[in-house]
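There are two complexes below, and they share subunit A, which is joined by subunit B in the first and by subunit C in the second.
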Partner chain A sequence: MPPRIRGSSCQPQLLLNYLEPVPSSSISPASALTPLHRPTASPSPKCSRAFSTTPAPQITKLRRAFKEWCADKGLMYRNAPYDQTNYMGFSRTRPFPENEHFKSEPVLSVRARNMIWEAIMVKGMPLKAVSAEFHVDMRRVAAVVRMMEIEKKWEREDKPLAHAYARAITAMLPRADLLEGENKFEPINDIHVHSYTTQQLFVPASESRQFTRADAAKAFGEHILPPDAKMRIPELVQMERNLVEGMEPREARGRFIKEAAESEQAFAERQRERALAAEERKTRVNTGRFEFRFEKINAENVGPTGRARKAAGWRYGAPHMDRRRGEVKIPTSVG
Partner chain B sequence: MKQRRLLRFHGLKRPRVRQTWNKYNLFNLSRLRTPFLQSKTFFQQKWMSKSLTRGYHGEHIKEYQWERMFSRRSLAAINMDPAYMAQHDGSEQAAGRGSGRKMADGSDIPGPRNRGNLNQATPYMQMIFAPMERRLDIAIFRALFASSARQARQFVLHGAVTVNGKKMTYPGYLLNPGDMFQVDIERVMTATGQPKRPNRNQKAPKNTETSEGEEGEVAEGEATETAEGAAEGAAEGAAEGAAETVDADAAKSKHFKTLRELKTRAQNVMSMKDQVMRAKEKKALRKLLVQIKETMNRSRKADDPSVAEMNQAERELTDLLSEMSLSYTQQAAKAKKATIEWKKQQEQQGPDVAKMLRSGSAAAKVGLLTAQQRTVLLWMMRREAENPRDDSKPYATPWKPRDWMSPFAFIPRYLEVNQNICAAVYLRHPVARPGLSEVPTPFAPVLSQLAFNWYLRRG
Partner chain C sequence: MVVKIRLARFGRTNAPFYNIVVSHARTARNSRPLEVIGTYDPIPKTDLYDDSGALHKDIKLDTTRAKYWIGVGAQPTDTMWRLLSLVGILPPKYRPTAKPSPGAPRGDKTAS
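Showing the complex of A and B:
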């Protein structure tokens, strides 16, 4: 099949180059590239290469639209405005105009982080109390302090920090200073919605019966806990109860802090005991070069299939699956 | 895993919104509309939604891998108000005929309710890709440490990421609540900073020295220019202020007004939080420069006795400014000294510098500069040393955020990020709350729902 030539772009003058036989003397790398019968009068601006009949790529409609958008409507997204968000569609909080359920929520400002760090590390307040005071989730409080400690350590060690990056990024994000009169930062009394409780139940109960949260939990399943048992800071509920009973707000708050501190100490004590018990099960033998640690295990503890993950040792007939093709060996946790 | 090569990753013809900060992606995002679905069969609707949503959520992850991760049970949370919990045991909701008592007119009985939740449905359908957000590479992208999920993946593979202090080279590592991941600062700065621009003058014939100077100017760009302008403005303002306070009687009443204005402007420069300046500020600073020149000329013509002193002040200032353009290490050392000095001064002056300005007639002089002016200069030096010009870096220095970045800048709530050390903690799994979903997805709920239905695999 002869090479196809696109109809409209074809120029008969150019076509001549291909139809006419080339004299043998002119076949050399340099002259082969230059057509003999170059249209001298007005070469088409579309054709950058004379031997090609394909028109030069033109800017498409979409690409032109993109260029225009970059220069006009989109220009405002190019550089970040000073100290405010710059999301698509003139919204201060919604980065994706189509999705009304996702909001860019404020992050803790440097000042707020310092306040939290100071409350924990300088004043020695319990985590729960700091969380309740600033309306910041306990896990976030812990994370802030953990990372601030690393930051301070790096500062002491003269390691370079990404100050310029931090300043630029935080200027682009909505921020919370955790000051009086600001909106609450985030809900701190979250409870997980158990999938059993998402179904609709019809439970007959007499009109005179006090059908409480605990009864409702039981109706969903024997093992379902009521919200009261799932609260992250149950001491807060106790404080509110004290307030309802007429206790002075100051005294109620003092008692809350005391209870929070006690519960945290008890938790730490439990952790310590657990670590101690684990240590007692071990026998350490230090040979100078190695430290051997012996622990008593029960070889019968292999689970119903004989392949329990925590079972110790190699068992006859239970091959290791880690060499099997396609087996994922990504660690599941990092200590 | 070998990466699939994608042609037309940011295509305009068949647009897909991707997890990147690319400007083509931004354009595609601005054009993103929910397609017209009514004319399509249910299968077509699901297929289309699936391909659109998967084009954004982990397009670098193979489909079978994602299908293994998919869970039809999304996590949700609800806030329980302690005050409500303390006052009610929940039985009031089951009172009467089983759904709570009402007033005679059908309205609710006033009293405490469970506050802290929006009065909307929980958008479970926007949570399909929540398991994806657990992946290390996507979490790095969400923490704004990389400009795309693929780049984040590369960071992990190249060993620039640690999880809980240990090197982690699996981009598919699923973070557990409480895991802290850290990315190498230089990588983050490279990924999020402006790229080094090739020399625009290279096309022209090379004149060794002149072209170098020009190159510097081109590379520095606007922000540096303005920063320099600010420094100069402040410095000259300071010089002017010093000279004028010395030469008090001659043109006291005449220059008092200008002086005060200069000072307040210098103060403005000092209180400015960031190096990023807008056109208005730039303009104001330029105007200030012109004004300072004018006043200086005027005082010279007036044949002051204090001209020599003024020159000395100028010399001092030029010294200070030349210190700013020293090499990086020297600069760092200087800046350290400066910080210490600055802190001392802060202690001496008390927290409110403006108060000193008002009361002290700026007479507390160290050399010829007032303490106030020194503070301004030292602050500027400190700022400069934190973000110096350094040609050895792989990004344009002084560091500036890259273009087209700000529309993508958000940090979801399940992460807590410390940008100074480029570390973030994965606090918990993303959850849905009444009216809110924590999974950042650009698609409308209807598309997400159809995609969810696709993965339910119910024909």
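Showing the complex of A and C:
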């Protein structure tokens, strides 16, 4: 089927008329002496722009209504407030008034991010303490510090920063300044609920002994951790216990910061030891062109079938399905 | 039959990756070997957070098993001989005859 031209403004006959000027009377429907193979379109008004296929702009009912709305109710949205979102309706969190399920979550303002960066990099407070103080997730705190360090590095290197873009984006979103009276930014000590722990379980336990959360975790499975071991900032629990026992809030907070700093130092120490152990297994040989890094492994870790996953090298007899269609490569369940 | 220490090519098109294997000489390249004693990634890589552009290659090797197999007469291929000589398991086979120009960077061999 040959391509069809849509719209009435570009008809072959008109095009021919444009190329070979003829008296205008010949365009009238009365003189439609068109051959059979020409499309017998209904007569159209004379087209002033014979080459354009775009229909002339017509004011529709919708557009007229929109213009009326702009001049009347829309006036209040014309100038965006400085420190708030300019969403329609009376909500400050719903950008689409018809969709009540879509809520725009607040983002950290520049000032809040500066506060977090200063608490960590200038005052040297532990990450957990900053997270607890501002009610911002530890991972977000770490991300803010990393991003601001990159920003400051780029400023030192005179790299251009997209300030205008950042301003435009943040102006469209609700912001959190992390000030005293504000709502808490986000929950910081949530734990992941393992699917094993959602089942109902009947465990006989003697009344004479204590059945703790650790015991409950063990009842669900040997590898299930109790909530105290799963939460990101378990030191907060100890602080609350101290407060309940009547410790001064100031002292309890000081102890919490100290414990948080100690746990972070222990974590850093473990990381360092791991890196050292990995380095000890390596032999570096520099040939001038490349550095060859030989890592010592144990070839006998292949297991009884020779296909252990931790063994070095590609496995034999176990094809990689990574290119098969529909293969989900990310894990779909946890442990 | 001769036992060889050689490379078996895995990986993808334009992304080679080798298993360092001990196998009989007349078996196919990627057939199941007597033993996999390591891996060799021939694609040079840069270190994360290192702007100097220095390149390195990663090799995993069970040196104990490599020494054992050479001790019982396994024959490394030329490529494997070169790699094994870098860690001092074997003496270097090919020595550069041309003297390096004075401006060229000299590698410090710290083989264990």
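The criterion applied here is as follows: the second predicted complex is superposed on the first by the 180 of 335 C-alpha atoms of A that agree within 3 Å, B and C clash if a C-alpha of one lies under 4 Å from a C-alpha of the other, contacts with A are read in each partner's own complex, and residues count from 1 in each chain.
As a convention for this text, contacts are C-beta pairs under 8 Å (C-beta built on N, C-alpha and C of every residue); 3 or more make two chains touch, one makes a residue touch a chain.
Only a predicted model underlies this, so the values are computations on that prediction, with no experimental measurement involved.
In the superposed pair of complexes, A:M148 makes contact with subunit B only, with no contact to subunit C.
In the superposition on chain A, contact of A:V237 is made with subunit B only, not with subunit C. When both complexes are overlaid on chain A, the residue A:T305 reaches neither subunit B nor subunit C.
Within the superposed three-chain model, A:K296 lies in touch with subunit C and out of touch with subunit B [touch as defined at top].
When the shared chain is aligned, no partner comes close enough to touch A:Q58: not subunit B, not subunit C. By the touch criterion stated above, A:A162 is placed in contact with subunit B alone, subunit C being left untouched. Looking at the superposition, the partner that touches the larger set of subunit A residues, subunit B or subunit C, turns out to be B.
Looking at the shared chain after the overlay, A:Q199 reaches neither subunit B nor subunit C.
Every residue of subunit B that touches subunit A in the complex is listed here, in rising order: 12-13, 23-24, 26-27, 29-30, 32-34, 73, 75-83, 85-87, 89-91, 94, 96-98, 116-117, 122-123, 126, 144, 163-164, 166, 168, 170, 172-174, 176-180, 185, 188-189, 192-193, 273-278, 386-387, 398-401, 403-413, 416-423, 425, 427-428, 431, 433, 435-445. Taken in their complex, subunit A has these residues touching subunit B: 60, 62-63, 65-66, 69-70, 73-74, 77-83, 85-88, 95-96, 98-99, 101-105, 107-108, 113, 137, 139-140, 143-144, 146-148, 150-151, 154, 160-173, 184, 186-187, 189-193, 195, 198, 205, 207, 210-214, 216, 227-228, 231, 233, 236-241, 243-244, 328, 330-335. Those residues of subunit C that touch subunit A in the shared complex are 10, 17, 19-20, 32-33, 35-39, 44, 54-63, 65, 83, 86-87, 104-112. Put simply, subunit A touches subunit C in their complex at residues 283-300, 302, 306, 311-314, 316-317.
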